[in-house]
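Heads up, the next two complexes both have chain A, just with different partners, chain B and then chain C.
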Partner chain A sequence: MNKQDFRSRDARLGFLLVLPAVILVILVVILPIISGIQISFTSQRVVGSEYEFIGPKNYFELFGDKQFIASLGKSAIWVLANGFFQTLAALLIALLLNQPFRGQNFVRTWIILPWAVPAAVTAILWRWMFDASAGIVNTTMKGMDLVQKPVLFLANPDIAGASLTFVNSWRYIPFLTIIFLASLASVPEEEYEAAQVDGANAWLQFKTITFPNLLPTLTVLGLVGTLWASNVFDIIWMMTRGGPGDATTTVPVLMYDMAFYGYNISKATAGAIIFLFLLIIFAFVFIFANRKQFVVASETFQDLSK
Partner chain B sequence: MEQPPSRVEAMQVVVDKFNEKYPQYRMKQNVVGWGEAFTRVPAQIEAGVGVDLQQAIPGFFVYVREMGPKGVKPATSVYEQVAKEVKFIDAYVDQYRADGEIWAIPAFGMLELLMYNKKHFEEAGIPHPPKTTEDVLAAAKKLNDPENDRYGFALPASDTLAGTQSIYTWMGAFGGKKIFDDSCKPIVNNPQNKRAYSFLKELASYSPPDIGSYAWAEVEGSLVSGRASMITFKNAFMNAWINDSGLGPNDLGAAPIPVPKDGSGERFSLAYSNAFMVMTDDPKKQEGIAKFMSFWLSPEIYGEWLGNSEPGLFLPVTDDAKTNEIMFSAPVLSQFKAQHQTSLDEAPYTGMYGFMQNNYCPKVGQFEGQNFTAKAMEKMIVEDISPDEAVGYLEELMLSAK
Partner chain C sequence: MASVTLKNLHKKFGHTTVVNNVNVEIADGEFLVFVGPSGCGKTTTLRMVAGLESISDGEIHIGNSLVNDLPPGDRDVAMVFQNYALYSHMTVSRNLGFALQARGVVDREILHRVQRVAKMLDLEEMLERKPKQLSGGQRQRVALGRAVIRNPKVFLMDEPLSNLDALLRLQTRKELIELTSDLKNTVIYVTHDQVEAMTMGHRLAVMNKGEVVQLDTPEKVFNEPANRFVAEFIGSPPMNFLEGQVSEKSQKKILKTDSFDLVLSESMNLISGSSVIMGFRPHDVKLVSEGSLGGRVTVVETLGAEKLIYLQVGKNSLSILVPATEKIRSGDHLQFEINKDYLHLFNRDDEKRIIFSEPN
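Right, the complex of A and B next:
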């Protein structure tokens, strides 16, 4: 067998192995997007109802729609707040859990629990915990004399977004923590030993060894986390339905409401397509700007897979 | 059929009995929650795997009818066959009349009452339930004690269906039940509704501070827990009252929705007609559907179902069932006969937004689906705008609907 044959057979095998995934992506991602683009140029009101081709009218209407523009802003704030809070908290927890202590394995295993709780259960759980009269959060705060009146976590437009960010973070922090822990495990111990010999303190070790080693992971999470957070719908819908007022109406919430309760599936689809393209542009810019980190991350994953 | 387990179980009993009595037909229950009905049912129809008989509420009927002939089919002939055996209450049938046809066969009703804690009224020296809206405000003010986390009323000021139903009920009581004119133009920006929203704003001031996030569970919970003394609600929480209020059935008050003292309003309550839409053209299946509905509405089966599936919430849609002994002797319902009788007595004085003109305006789907009345209420409370501005905003929302 010559080298050329081996290469082509290898390539063929690789192609065959990837093919099912490619077909699946075409069926459940590409085709629905094409269908969505098609619907967005029509006047369809409800799934299956009759419609006419109206060109880009839905898009023009959306660009002049204050509620849609506001929802884009709220989505951006939502993503930034979730990204910042989750990354910081997960990183701190991971650094703590990376230190040797009794019961470390138990905590590292079970910390994932909130992530495993279904979104519906999370929403109901926190809705009741945030309840102004009987909720455990307000009861505890009042019991400790931290507040005189109950805090309206979900009914006050000024803090409803922060409350939702907290709940969503509560869900995702464990998952991010596990990712950071895995990444921390790959940092060579010798680097810390050498730094200690040189007299570097904990902060200097973090700055010069831990953080640079975590950077590829942080970069990948920056991209994936942004896309995940942008598409969060369930927690928001089930806890506030976008309210009070429009305080927590992000793009996915507005699109769902518009499609299924506003009887305007074509306009909602147009909004979703705009949002999709904004996310694609963000992904390209982000990957381009951080291409070196993505290369390192990809090499790390390849090393791990060997 | 809708999702809560007790309802599914009760309906399964009916289905099993029907299948046993009429082996030539085969009825199978498919469960879908209201939260997903708007996405799932049209997709099922589109995919050709829809059901033959679909539970509906008026707003959902409008939604499915948007699909054209492949969606809901006229049910007039099925209705006429069933109506030979039972006398339907008109208010429940009217919600499905459009274009000279009846589009669904009424199955059960629900309506709003003023529910109150009699013990709180006694303690405050209020001798009788409010009859006028002025009485409501006076009682709410007297019962209000925010320092001790007790409130006169619990009004849902949230963008929810609970909010929509409660707010619209009061709009109706103030004389503003008609929301479209004959050409389907919104007509809500009127003095009646301005008065209604003014009343609601004051009522909200005697409500818990977190009413902006209240849905059904919170409204019900506030009365059952004793945190609030009055709510506008369906007579739907007998089990919760027995188990969690620490009070007896006689301590739960149920009264018709009060009206303005000057007589400018009208005796009114929002009523939902839950019905079944015929989704098949097949004459054989339609015959089976008529048989099933007649079977279900027969005194023995219907009485047992009404009494046990969701005691007090589900009301009969036929005249003869109003005195059904089996219903009244059901274990829980039998303890709340007086409250249930109040619900039954109010049935003739009910209506449903946009469905009282032997036709409906398509925009009513968005009116309900996007909770326009509740949105206006929420805005009035959250942004502290005036009742006039809130009503103006309500009309603006209705005009923006397509």
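Right, the complex of A and C next:
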């Protein structure tokens, strides 16, 4: 048997091994998207109802729909606010937990807890804590004379978005912290020691050693985090239903509302398809612009898996 | 440039003492080598001087100032790490200039000094490369350059040659000797390699189990090892040791070992009955056609100009060095003589060297 045979045998085995995954992706990702695109060109109102082909009418309607345009803006703000707040907080916590202290391993393990709490539990928990009359946040603030009137965290349109960002960040920060901690662990200790002997202060050490080492991780998280945050639906729906008014109606919330409460599943699907393509374009541009960091990141993950 | 004084220096990790009462005075411009087996506390001692390790007890002075509580950056020392610890995300040029940058030196001055050091260490071609793109030897030179550029009071070097291959190590050793003797900075050098220690150090501090067991010039350490450990550790191939008992026979002191008896020279005025360890180096032995000592050759190792012969003498295996021209095969029976001028005697109980006063 010659080399060529081995290689083709290897290729065949590789193909067989990825086949189940490929079939699964086709069944649960590709087919629904195709079916979604198909529905978006029809007049279907509810699942299973009669419909006819109406061409790109749904799309034209959406581009003139102020509520839809506004939801795109709210999604953008939501993603930016969550991304900024979560990344910054997780990075600070990770840097803190990276300093040696008693009980470090315990804290490092259990910080993951909020990530493990189901979204529904999180929503109920925080609705209760944010409650105007009985919530612990308001009673504490009142007890300390910080406020006269209870703060309407979820009912005041000016701060509902911020409250939701806080709760959503509460869920995601632990996960990001763990990722940052893993990334920090790969920074060689000697580089910090050399920098100390060279007389570099903490800020210079962070700027020149820690940050460049974290950059590939930050870049990957920038992409994944944006996609995750864009698609957050559960927390928003369960806490405010997109309200008060339309204050927290991001694209996923609006699409759900339109499909199942506005009985316009085809138009909602068209909106979802537009959103999907915007995210795909974002992902491509982001990866292209940061291709160097992605290469480094993939090398790092390969190193870590050795 | 400055002297360094280590006074009653201790380091404990929990209940384990890794550095135990180290006292060393290093003169301004001296090249002092801490040498010892791994785990003897030499690197910990160096790291305490650098300020990377806290001091459990004792004092460290650099120049006239006590530096116990000074952070590493304020001690004016530069360190070369075993694995170089180059800043992986910076170019060679920025690696070299980093310490100056951290001290707020103006860019033009940094550039000027980087170029000067790069020229000195033959790094000009690779100033814009990252450490990853350099060979081991080049990385080593960058690490050295990073220390040299600051002209610090003291250079601290932690086994800087151990990651190089044999030939490059030899060459770099010579370059390092030249460089440090040109610069005249005080150097504290840590190594487990006794050849490196012997060739580079003005003085050696031989360490074992956290203590400095001998602090002396390379010649003294080699010729008059303070105890059995030093005798065994310094010198290659290692010294032969035999345990024995002193007895007296017709007014001559005789050392009885379980392999042979040896008549001691008159200057070795030992008390009869004392238990000693006798040591002699493999090259302090001469082959003779007829003598009282003899053994069977078990292994012959050709080293080039010399042959290392392992002899079975009674119950003991001894090694001797002979010129390569000697035709010896394993199984041969050899007669030899030990040069008594270079015989080392140690107490059996504390393994310390027995010093004889010079005969008048």
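Keep in mind that, in the parts below, the second predicted complex is superposed on the first by the 296 of 306 C-alpha atoms of A that agree within 3 Å, B and C clash if a C-alpha of one lies under 4 Å from a C-alpha of the other, contacts with A are read in each partner's own complex, and residues count from 1 in each chain.
In the analysis below, a contact is a pair of C-beta atoms (placed from the backbone, for glycine too) under 8 Å apart; a residue touches a chain by one contact, two chains touch by 3 or more.
On a predicted model such as this, the values are computed, not experimentally measured, just so you know.
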Broader residue contact with chain A after superposition on the shared chain, chain B or chain C: B
Partner chain(s) touched by A:Lys149 [first = chain B, second = chain C, both, neither]: first
Which of chain B and chain C A:Thr139 touches, first, second, both or neither: neither
Which superposed partner A:Asn231 touches (first chain B, second chain C, both, neither): neither
Chain B versus chain C as contact partner of A:Asn98, first or second or both or neither: neither
First, second, both or neither for A:Ala200, with chain B first and chain C second: second
Chain B versus chain C as contact partner of A:Gly48, first or second or both or neither: first
Partner chain(s) touched by A:Asn264 [first = chain B, second = chain C, both, neither]: first
Chain A residues contacted in one complex by chain B, in the other by chain C: none
Residues of chain A that touch chain C when the two form their complex: 188, 190-191, 193-201, 204, 208-209, 212-213
Interfacial residue positions of chain C with respect to chain A in the complex: 50-52, 71-74, 77-79, 81, 83, 85-90, 98-99, 101-103, 146, 150, 156
Contact footprint of chain A on chain B as seen in their complex: 38-39, 42-43, 45-46, 63-64, 66-68, 70-71, 149, 158-160, 208-214, 218, 221-222, 225, 227, 362, 365-366, 369-370, 378-379, 382-383, 401-402
Residues of chain A touching chain B in the complex: 45-50, 131-134, 149-150, 152, 154-157, 240-245, 257, 260-264
